[in-house]
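A, B, C and D label the chains in the order they appear, each numbered from 1.
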Amino acid sequence: MIKKDKYKLEYLSSLFISIAAALLIGGIIMWLYGKNPLLGYQAMFAGAFNSQYRFATTLAKMVPLVLTGLATAVSFRSGIYNIGGEGQLYLGAFAAAYVGITFTNLPGYLGILLAVVAAAAVGAAYAYIPAVLKVYYQIDEVITTIMLNSVAIFFTGYLVNYPFATSQGKMGGTDMVAEGYQLSRLVRLSDLNSSIFMVALIGIAIYYLLEKTTLGYDFKMVGQNKDFADYGGVNSKKRMITAMLISGGLAGIAGSFEVLGTHFRFLQGISPGYYFDGLLIALIVKNNPIGIIFMSFFFAALKTGSMSMEMATEIPSELVLIIQSVIIFFIAGEAGMKKIIKGFFKKGEQL
Amino acid sequence: MAEELIRFEKIRKEFPGVVANNDIDLTINKGEIHAIVGENGAGKTTLLKILYGMHQPTAGKIYIEGQEEKIASPAQAIKMGIGMVHQHFMLIPSFTIAENIVLGYEPRQKSIFTDFKKAEKITEQLQAEYGLAVDPLQKVEDVSVGIQQRIEILKVLYHGAEILILDEPTAVLTPQETEELFEVIKTLVKEKNKTVIFITHKLNEVMNISDRVTVMRDGKKLQTMATESATKEKIAELMVGREVLLSELERDSKQGQVRLEVQQLKARDNRNLKAVKDISFQVHSGEILGIAGVEGNGQSELVEVIAGLRELESGKIIINDQDLSESSSGEIRRNGVAHIPEDRLKNGMSKEATIAENLLMGKQYQKDFAANKVHLKQQAVKKEAANLIEEFDIRTPSAEVSAGSLSGGNMQKMVIAREFSFDSPILLISQPTRGVDIGAIEFIHNEIMKKRNEGCAVLLVSAELDEIMRLSDRILTIYEGQITGEFENNKDLSKKEIGLYMTEKRGEAN
Amino acid sequence: VILETEAVQAESELKVALVVSGGLGDRSFYDSSAEGVEWAEEDFGIDSRVLECRNDPSLFRDRLIQGSMYGDVVVVVGFEFYDVVQTVAPEFPEVEYIYVDNNVEGYDNITSIIYKENEGSFLAGALAAMMTTETEVPNITAEKTIGMVGGMDIPVIRNFQVGYQEGAKYIDSETKVETVFAGDFEDPAQGKESALTLFSQGADVVFAAAGKTGEGVFQAAAENKKYVIGVDADQRYINPDVIIASVVKAVNVSVYESIERIINDELDSGSLYTYGLEEEGVYIGYGTEAMEQIVPAEIKEKVQTIKEKIISGEIEVSTAY
Amino acid sequence: MEEILLRIFNLSVIQNTIRTSTPLILAALGGLLTMQADILNIGMDGMILIGAFFAVLGSYLFASSLMGVAFAVLSGIIIGLFFSFMVVKLKADEFIVGIAINIFAGGLTVFLLRTIFGVKGAFSSDQIIAIPRINIPFLENINFLNVIFNNHSVTVYISWLLVILVTIFLYKTPYGMWLRAAGEYPEALDTVGVSSQLMKHFSSVMCGIFTGLAGAHLSLGYLTLFSEGMSADRGFIALAAIIFGRSHPVKTFGAALLFGFFDAVGMRLQGVGVPAQFSKAIPYLFTVIALFIIAKRHLNKKDKTALETAN
């Protein structure tokens, strides 16, 4: 028990060290570029946290990241790799918009519920295709999900340009969802809306599912050794499909919140690759649900903060991308680097 | 006359938290067959991997023909004429036998292309020279473990090895194959002047073939002695640190009703070939039914079908008077069947998961461990793990470490602990002591017998005829997917007779 | 106190934020808006900042707010801001918004600017239809086929398409107009492939309404000795041998003029400015005078006539909206 | 009807296919080498982008397309080494590193575009020398062959040549055997004295070189410019081709061609009234359907052999 905690602590500390090292390198890049890294980071920090609006913006950016991160975690833990969350998100978002513009007379909470459930159902249904192909036909889900992403994005693009095209505003988008279904904004100006509470609930639910339930245990065992699970009486095929359905559902819900909480309609290109951000986050924290929440917060802060950094110091936004990837490289290589450094010191001792 | 070939001097190897080799001094003579024995985790494999350049010793020196040598890599070891056949085969499944043999030292054409024709020829020559028949163009994934063993040896010989290290070469071989292997080893030593070091858990083999034997325990070398001057009992005692009595097991004779019955069972193997052809039998409570057969004759598939892990083609499986022919593995478990699988790493456990998680498998939906089949009761899970670790003497610092960090013998104990803890009336047991040291074998045999005496119906499959004969009440022989004979186990039953029923030559027995 | 500081600011410099939905460097639409701001900077000494959203909808609101916090005037470029600008502008009543490429009504501080791109592309269609039978121009065949490469199948581009087709049919109803949507505004390779497809179908003049994807169209034309009509900015300078003309949306001019109006206090805040042929907000550009003209003078004249007819209302151009 | 079909399927479709698939082929050949060494490289898209940038840089600076290609290859080697350093040496998750490389490439190229060339968006110039095209005179008389096989840029022919070379390398040379062994069972390779890690590094560097070439082809062979994000997900499609072709060079080549073909057909379908969004989705949808058909046939075949052996 003590040992486990010690490992956790060690992992956390090395995570922080790698983030710090990455920020250091980012600082060096800024410095080489002739900018004051301290000012840059100060602006970044201020930009992410400094006012109610900014903090709220950071929180708002967390919403899709947490959901897509959890979607990744559920599937990856179960040994079925859902890379198709982006497509599921698009279809889910569209489904929510469809509900929001079609059934406009329901009481608000009911309409929202219906839209979210429809999004989850559609996302799950779309995830069901690669799941079945994987489980019953042994077709690699990585490729099918990537392909189906594009299909969904183009398909929704068609829908909002033709049958569901809005008459307002010359955009590739649907009409606005009924006013009653628009999630209330929490902080003046910012996108932050009540979906964050639902995300908190979903986060707790998924944490509970993965860490404290029989199904979560089954998922983990299937992911670690499918043959072992089957041998132990766990139907690995069903579990994989279940995991994929949950994953697709979560991605769909992420889409619905973009519609109900942020844009109030479905827009072409509604997600700038949220699912891939979420995937990255989940991988970094090794599919740990709590870790996903913290890492999403970090990534969201990086995203909002980098804008202020850009404004305040005129550091180009590309540089921010570079710094971001350096951070990821450091975190990804953390374990290996630690080993090498340890080995280095060990050698030193011997000499 | 005994000419020193290799000398280990104060060889020490530390892994994080473990001293695998603790200052070992050992000499290997030229032209001898040197057996190394010891409990699981004693450090045998580690020591020889150091010789083969796969591990670097933390301290100590190795002398070869009196010269101190640093063996930095397998490539270097190969150059020095050292070859090793590993405990787990090191063959590329999708490559042909010839390709595997020449891998790393390919004959070439125009210096950059592999000369496949020549590789084939080399294989032909080698197999003719050493009498180890293989088909060069077959893929490794399509051949039996026995053949794979041959390929490994041919590969080492192709490398020009003068010193052959064999790490538990007989663990997966049938008695016949073992015999053949020993013939080969003997000729290698006598006619080709090779030196052989081999690790084994089977003391019969030590007595049978080795010139000298070294016993290891807990990373230390205890003693090296001439085999002539040793006895099995003495070696066993040295190894385990106490007397080991593989004596007659106590058995109550109160057989009961039929628990497990299979009727005209048919099933296919992974390559979709017929593996089980029309097999029928019954197992009663309080009975151990042993299935004796050369590996690859359908016994693995038979057990998998009964356990619900393999589709059955036709036939019936009746468990506790219920027809469960079409049932899933889960249903079969819930209806009172526990199963110790033949390959613990493949499906008996998850290496990444903790020991506690491994011990929970199959029980996660039980009331004791889950509220409403949903909420896992962590405390109960922990407690169960602690109990089983204690009861089955699983050597581990904690139930929360990953199961992959256990030694092979302890992994097996973990699997057995889990399966026996279901209190299932029916036990399917496959190769329960494979790769397990003699102390653990004694323990496992006792546990199986205890279960039998408690009234369980046990179906036992083992490649070890000794094991079958020691434990079973009744023995079925299996050959090419069919039952070829049935025997009551008693003192008159000879190994030889059963052995014949396990092969094509069974006609001669009649 | 507040009034005082405001007065001081007004005397010093006007701050203008330019918020674009895409990214600069497209050598057409967005660059053109930035050019307008630059002109204003030179002429009026304003202070400016550019905020790019790089087609990431999650950035729209935040960038617009950042721009609003910085600027006295925010120039918002991109139809995509339709919703966002309507929710942000009321929160910054003291900020003046110039919203380019879409029409928002009913806000005191949002002035919309839209373009009749269909009128411009009508002329382009007519021009292309005339050129495609002009066999005296090198490499033009008698076949009556022209093409268009659209970036994506979205309303603005369809508005171009509608005008282009009508213009071509106006010249000769038998002219075939083939359209390919590349599916991306930032994939020049796909643009090139689309153009090559059109060339293989017999088109010898292709209208590229595709942002950066258009760069590939230019190269395809250069290799095959075919011709292209550029878009948004006068793109002839990019390759005067193949880009024979451009449908210019004078975003630069309209942005510049709007800032000028604000400085001179002439802006009709909250109204809609429509830039069509008549307002010279949309026109056909033939590059600078120094460039050798590929389009024959008669055709230019004809285009001029059609232009007048559109302005006079004699010709009505449909729209896709 | 016939006219419509003729509009869709004609010689130009084949030309179109060849052009569209070349960068996919080049990248996929690299990616399949890492795949054979058991590394899934989803950073290929970023690698292509970096290659495309440095190709333009080299060509522009030295007024030589060869230097452009050399720059692209060099950048590929560096990024490939970095990738394998992370994945093989530091044992970092290849997924994470791959995604990070894509992000990094997006940032780096734009950043360099701005700092070196002082432009945003795209850079084209007369001083960028394109990779030359090859004219094979004797083909000129045979219309059909001429249209398909003649007058492509050198990289197109190189890509075909590389399909053959990679096949030979993988299946006819010891090094290829080692690489495959390193992917299938690295310990086994190690025990015969060949470092599996070295082979993995090697495969990654080769992947860098090939994706670099793919980038060079995009920016110097096919187009003569660099534009932000011009790889446009081709790395992912290449990855799909690899999986589709089960990492075999010839099959992967076929998959890349198939993809290019569907893309070409899709483009022409727009001309007969199919909405652009559908025509764009066709290559992706067909990939999934084709995989399904193949898998189904495979399963059927298995059933059939079962039947045969039963009798």
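One rule holds in what follows: contacts are C-beta pairs under 8 Å (C-beta built on N, C-alpha and C of every residue); 3 or more make two chains touch, one makes a residue touch a chain.
Because the structure is predicted, anything quoted here is derived from the model rather than measured.
Colleague: If each hop has to land on a touching chain, what is the smallest number of hops from chain B to chain C?
Modeller: Between chain B and chain C, the shortest chain-hopping route counts 2.
Colleague: Quick one: which chain's Cα centre is the longest way from chain B's?
Modeller: So the farthest one, by centre of C-alpha atoms, is C.
Colleague: If you count the C-beta pairs in contact for each pair of chains, which pair comes out on top?
Modeller: More C-beta pairs are in contact between A-D than between any other chains.
Colleague: How big is the gap, in whole Å, between where the Cα atoms of chain C centre and where those of chain D centre?
Modeller: Their C-alpha centroids are separated by 35 Å.
Colleague: Compute the distance, rounded to whole Å, between the mean C-alpha positions of chain A and chain B.
Modeller: 45
Colleague: Between chain A and chain D, what distance separates the C-alpha centroids? Give it in angstrom.
Modeller: 29
Colleague: Which residues does chain C have that touch at least 2 chains other than itself?
Modeller: 152-153, 183
Colleague: Please set out, as single numbers or ranges, the residues of chain B touching at least two other chains.
Modeller: Not one residue of chain B touches more than one other chain, so the list is empty.
Colleague: Got the chain D residues that touch at least 2 other chains?
Modeller: Each of 275, 277, 280 in chain D touches at least two other chains.
Colleague: Let me make sure I understand the interfaces: which chain pairs count as touching?
Modeller: A-B, A-C, A-D, B-D, C-D
Colleague: Along chain C, where are the residues that touch chain A in the complex?
Modeller: 49, 51-52, 54-59, 61-63, 65-66, 70, 79-80, 82-83, 88, 91, 102-104, 152-156, 159, 183, 321
Colleague: Over in the complex, which chain A residues touch chain B? Could you list them?
Modeller: Residues of chain A touching chain B: 1, 3-4, 212-218, 220-221, 224-225, 227-235.
Colleague: Across the complex, what residues on chain C touch chain D?
Modeller: Against chain D, the touching part of chain C is residues 23-27, 31, 150, 152-153, 178-181, 183-184, 186-190, 192-194, 196-197, 200-201, 212, 215-216, 219, 238.
Colleague: Please name which positions on chain D make contact with chain C in the complex.
Modeller: 7, 10, 12, 15-16, 19-20, 23, 119-122, 124, 218, 222-225, 227-230, 232, 263-264, 267-268, 270-271, 275-277, 280
Colleague: How about chain B: which of its residues touch chain D in the complex?
Modeller: 52, 54, 73-78, 84, 86, 90-95, 99, 103-106, 108, 112-114, 155, 159, 268, 272-274
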